[in-house]
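In the two assemblies presented below, chain A is common to both, partnered first by chain B and then by chain C.
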Partner chain A sequence: MPVRLSDRIGVGIAYVAGTILIVAVAVIMLWLIVQGLGTISWDFLTGEPAPGTLEQGVSGGILPAIVGTFLVVAFGMAVAFPLGLGVAIFLTEYRQPAWLAKGTDTAIDLIFGVPSIVFALFGLAIFSQGWLSFISNPVGDTGMATAQSFFCSSLMMALIGLPPVVRSSQAAILGVPDQQREAAYALGKGRLTTIRRIVVPGARPGIATGIVLGVGRIAGDTAIVWILLGGAVLQAPPDGWYLPWNLMDFLRSEGSTLTTYIFFSSPAGEGNSPGPAYGAAFVLMVVILIVNIALIRLSRRKIGKR
Partner chain B sequence: MATFTRPLVEPRPQSGGASATRADGIFRAVLIAISAFMLIVIAAITVFVFYVGWPSFSANGLSWFGSGDTPLDVELGYSFLGDPEGGRYTTLNAWPALLGTLLTTGGALLLSFPFALLAAIFIAELAPKRLAAFLDPIVSVLAATPSVIYGLFAILVLAPLIEQNLIPQDKAEQISPVVTLTGANVLLGILVLTLMIAPLMIAIFADALRAVPVKWKEGAIALGCDEWRMTRRVSIRAIRPALVAGTTLAMGRAVGEAIALSMATGSIAFIPNPLDGYFFFLEPVRSLASSIVDYSEGFESPELKANLFAFGVILLITTAALTIGAKIASRAAEKKLGGS
Partner chain C sequence: MDPNDDQQRLDERAKRQEWRHALDRSADLRAAGDPTDPTAVAATPPPPPAAPAPDPLAAVEPAPFGAAAAVPAPPASAAEPDPVALAQPLAQPAHVADPADLVLAARGLRVAFSGNEILHGVDLDAPRGGVLALVGPSGCGKTTLLRSINRLTELAPTATIGGQILFDGADVYAGGTDLNLLRRRVGMVFQQPNPFPMTIFDNVAFAIREQAKRRPSRGELMPQVADVLQRAGLWDEVKDNLDRNALSLSGGQQQRLCIARTLAANPEVILMDEPCSALDPRSTARIEELIVQLAGSLTIVIVTHNLAQAKRIADYAAYLLNGDLIEQGIAQQVFEDPANQSTRDFVAGMFG
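Here is the complex of A and B:
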């Protein structure tokens, strides 16, 4: 078969693109590992941040940022998961009234597409109203609220985590064979029982995939945290924040997550401390890798079941 | 992508037994309430962001979209602190920020589309099976990597490289009365957005390429096409809707990216001068989204708040249009590939 020169060039360029991809990945990962491991130490992981010197604005550890990331992820998903699963069940098992199903389907797509900075603005507009100051803190006696707290940021994070939960759950629920539903109905079971005992358990790996995708999105978001949790990277959490009875106060306070810590410590932020920024970036990347490994495992399990 | 429709399997109410109990009814009502809540959320986002941002549009009319004599940064500063006489300041000419978003997004799309398409062809068609199986999860990790990490990479690794190699000292001094040239500029913004959106596009394109029916490819080979010709003539044509869907999705990401651009573009609302030749790309800009982050400490001033929310309105409209465009395109993609 004659192979034209232009075809050879085309294949060659595609190979070059593939090589560039591999090299870019290798460079970024190596850079993170080398720079990150140089900073990471036990004290760095378990200490609290402190103001540094003139040249390097941030010193100390990143424990509050790690805790902040886990809190925002946990609270965000705690809100997003039941809502998302509910929407998914409605869109697959009920679909009536039809106009609502169509509208909700489009709404989920739109929520997927809205940039997180716009969610941050939305949260600011809502949560800064005085009567909502119980989830953040009042601003003096202006009748406004700060709109900066773990509650505020987690509620907006829930909107970011929701679309992947809906879409993955939807696909998984559709994968549950109709015969199983028919069998349950034939046994005289109602709809709720069928969904609870047959549909949801059958769709579990797909639902879990959605949760993991949502966790990855929430953990990686910076804009919402920056505006709705404050850039309070150098501010230590309130005394005794880890005690259960202080939980409410802690969740109403400002804080930081790994992403805002990186942003603050980068040369673009006020901290200008590459060292700690590298360390936090490394930790965040480890979190993202764990999330992705979980995803690969879940998708393998799904294939194995079929 | 699965279509989310199939005939419903429902219990028949007249079949007796335990059909519609009270719990079933409550459950159904809860689900309807949750789904209706999603519509309320979208409506509330639109209403609130428009409501707070509206004064900025109404005070400036169409000149909001133009460029004024006063630099945008000065205007935003005045709207925070009041004008020099201490009065309120509502004038805003947002063209520099609009241009910043257009330049960085457009540049990133021009750079990442051909690259992503070629890389997707490499992964889906050309690469040995083992290498492809290894690259697949890596592409998804890259797509999931937080933008702040790409921003950090850009400002700590790429910015010094650009500053040392691409900006000659004499030219920098010549331009310095107008604007200071650093490693953070349009070019770096384009690069960081490319890093962000290329993996997303690769993942979508490669998935679509794999969904092209094998029969079509075999047909092409049987007619004497080699691998490349088959890819170009059959596969790429078949996945055109997916190319549109993936690109619009990536564009939405790029338009709304605030943090990475705030780190990478120098954060000065400068209008790069096309007459400067390739230095056009080495001058700083600031996009709509990163302006919101950069001025996030000034929300207590109502004028600045209105201006920043007005930026949010533009982002909201743009991304909503892109989302709907992507949806239409992916429907077309399903139709095209689903029927075989």
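Here is the complex of A and C:
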């Protein structure tokens, strides 16, 4: 037990802070469960949204929203993860030329700090150019593109998913002891081999944390979905969208995610269906939780047999 | 390992026995219980010093800022001063019979960190085969000297290095040196055992794997892995547990694993920086035994703070003080009858 008064005060503050955090999280989860669980049914999870989003009870399902969230997360991270890991390796293992390292560092901080709606707006300006209509759709014969598609939104999602991947990986790579690098060099291994076989494997848990944070950021984003995917919540995806020959068209089309579904069906949006909103929020939370646990589990590989 | 290699190693070793000076370590080895080491019984008398041959190393271009200021190391065992040898700044050390038998030599080696010079023009001679012990007070630059040989020093961005390290007569600091090849031929064992967080098998295989263009399978690697683990004296303890995490081994086992890993790269020289300082006496004894065994087929340069250990295992010794090489030569000579007063004080202090 700490003896000094200042120590006791410090410990007290820590206890209070920790308790407040736990209570807050518990209340939010409980609230979501209580409110949302009632809505959740097989039909809700696998159905398509109905025009009845405006009326309680007949609002249909959230399957397209789940698929949409999955798609922007998968495509966004498919870009953000390799890029982010590369940047992290550059910032820790190379740092040459110095100006580039400094510039990258600042850029990452900026991206981390700027709200996603700013990037969404910027993306709109870029992707609406006619020659980029192959990742969305042309707008009549105006020579412009809609700039609203899974491709467009995923590209901007990659941007906001990048900083957490970089920062987490960077910290993890710095945590790999220099003795390990020296041991590899002393065995006649080059820098690249050392990074691939020693540094990155040693940093795996931290890199996984970065992916988890990035996934959370992308799955939770609304602004980019709103502007670059379209608020097409009532729009059911075309029949057979999952078939390979339809997939390209589907990915160039508008869509929705869980976040836009929540916005729409909540009393704040055009719907007045708090039930489905809570249900979707609960699903979103569970999905992110599962991704969290799975990634952290996978990254903590056991070395050999006991 | 192919059996011819082993035969060759034995031949080389036998050859070296002919000119190597006798070492009084039979008693120690008997205490350590090693009946296999032939040096333990072969206490041949020292061969007569060969006539001083013209030194090819002396003809090498002096280092940019090294040679001029380099103090010639006092000839350790020269009974009568040789005028030719004294006239040359890079004199043939008296204890080496044939200059071609120098596997490593530092010539006017200067190392500074952020302009603060740590080594002031060191001339070190490592004869081929046997154990060379580097001793000296803490902070005198032993580690720095050792790490400059396999060019790890330059990993510190603040380091500046001048002078030469001759490995088989060629300067490793010359342009065009294949760093990775150099570090495979001159392996290193560190003070803290530092196995990779992988299985025991993978630790050893790592050294072999990336060298091959194709990724060899476990089955293909197994004979080599088993061979080096045997040579490192670890095989019997781990042969049933090759897939265990290497970090679950004891400190002494980890250090032997690190030695095995180094052996897997097939080095001609192994640099060891206080390899036993983190280990208990039993593990230390095992590693000393291993070092003596390995010295039969390759050269070992070892930094040690333990003079008793140095006496037990070293064939040659070099004494470093504040970045200057004060004395080097036959271990017995340096430890028991040093030419230099400061060596004498150091040696006395270490025993006292």
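Assume the second predicted complex is superposed on the first by the 253 of 306 C-alpha atoms of A that agree within 3 Å, B and C clash if a C-alpha of one lies under 4 Å from a C-alpha of the other, contacts with A are read in each partner's own complex, and residues count from 1 in each chain.
Criterion: contacts are C-beta pairs under 8 Å (C-beta built on N, C-alpha and C of every residue); 3 or more make two chains touch, one makes a residue touch a chain.
Not measured: the values here are computed from a predicted model.
Visitor: Give one of first, second, both or neither to describe whether A:I198 is in contact with chain B, with chain C, with both, or with none.
Guide: In the superposed model, A:I198 contacts chain C only, not chain B.
Visitor: Using the superposition on chain A described above, determine whether A:F134 touches chain B (first), chain C (second), both, or neither.
Guide: A:F134 sits against neither chain B nor chain C.
Visitor: Comparing chain B against chain C, which has contacts with more of the residues in chain A?
Guide: B
Visitor: Quick one: is A:Y242 in contact with chain B, with chain C, with both, or with neither? Answer first, second, both or neither.
Guide: Touch status of A:Y242: no partner.
Visitor: Considering only the touch criterion stated at the top, classify A:G188 as touching first (chain B), second (chain C), both, or neither.
Guide: After superposing on A, A:G188 lies in contact with both chain B and chain C.
Visitor: Shared contact residues on chain A, chain B side and chain C side combined as an intersection?
Guide: The answer is residues 182, 185, 188-190, 193 of chain A.
Visitor: Can you list the residues on chain A that touch chain C in the complex?
Guide: Residues of chain A touching chain C: 177, 179-180, 182-190, 193, 197-198, 201-202, 303-306.
Visitor: Show which residues of chain B lie in contact with chain A when the two form their complex.
Guide: That would be residues 2, 4, 6, 8-12, 15, 17-21, 23-24, 27-28, 30-32, 34-39, 41-42, 44-45, 48-49, 51-52, 115, 118-119, 121-123, 126-127, 135, 137-142, 144-149, 151-153, 155-157, 184, 195, 202, 224, 226-229, 232, 249, 252-253, 255-259, 262-264, 267, 289, 292-293, 296, 299, 308-309, 312, 315-316, 319-320, 322-324, 326-327 of chain B.
Visitor: Spell out the residues on chain A that touch chain B in their complex, using ranges where they run on.
Guide: 1, 3-4, 7-8, 10-11, 13-18, 20-22, 24-25, 28, 31-32, 83, 86-87, 89-95, 97, 100-101, 103-122, 124-126, 159, 170-171, 174, 178, 181-182, 185, 188-195, 216, 219-223, 226-227, 231, 259, 262-263, 266-268, 274, 277-278, 281, 284-285, 288-289, 291-292, 295-296
Visitor: Mind listing the chain C positions that touch chain A in their complex?
Guide: 150, 152, 155, 179-184, 187-188, 190, 192, 194-200, 206-207, 210-211, 241, 243-247, 258, 261-262, 264-265
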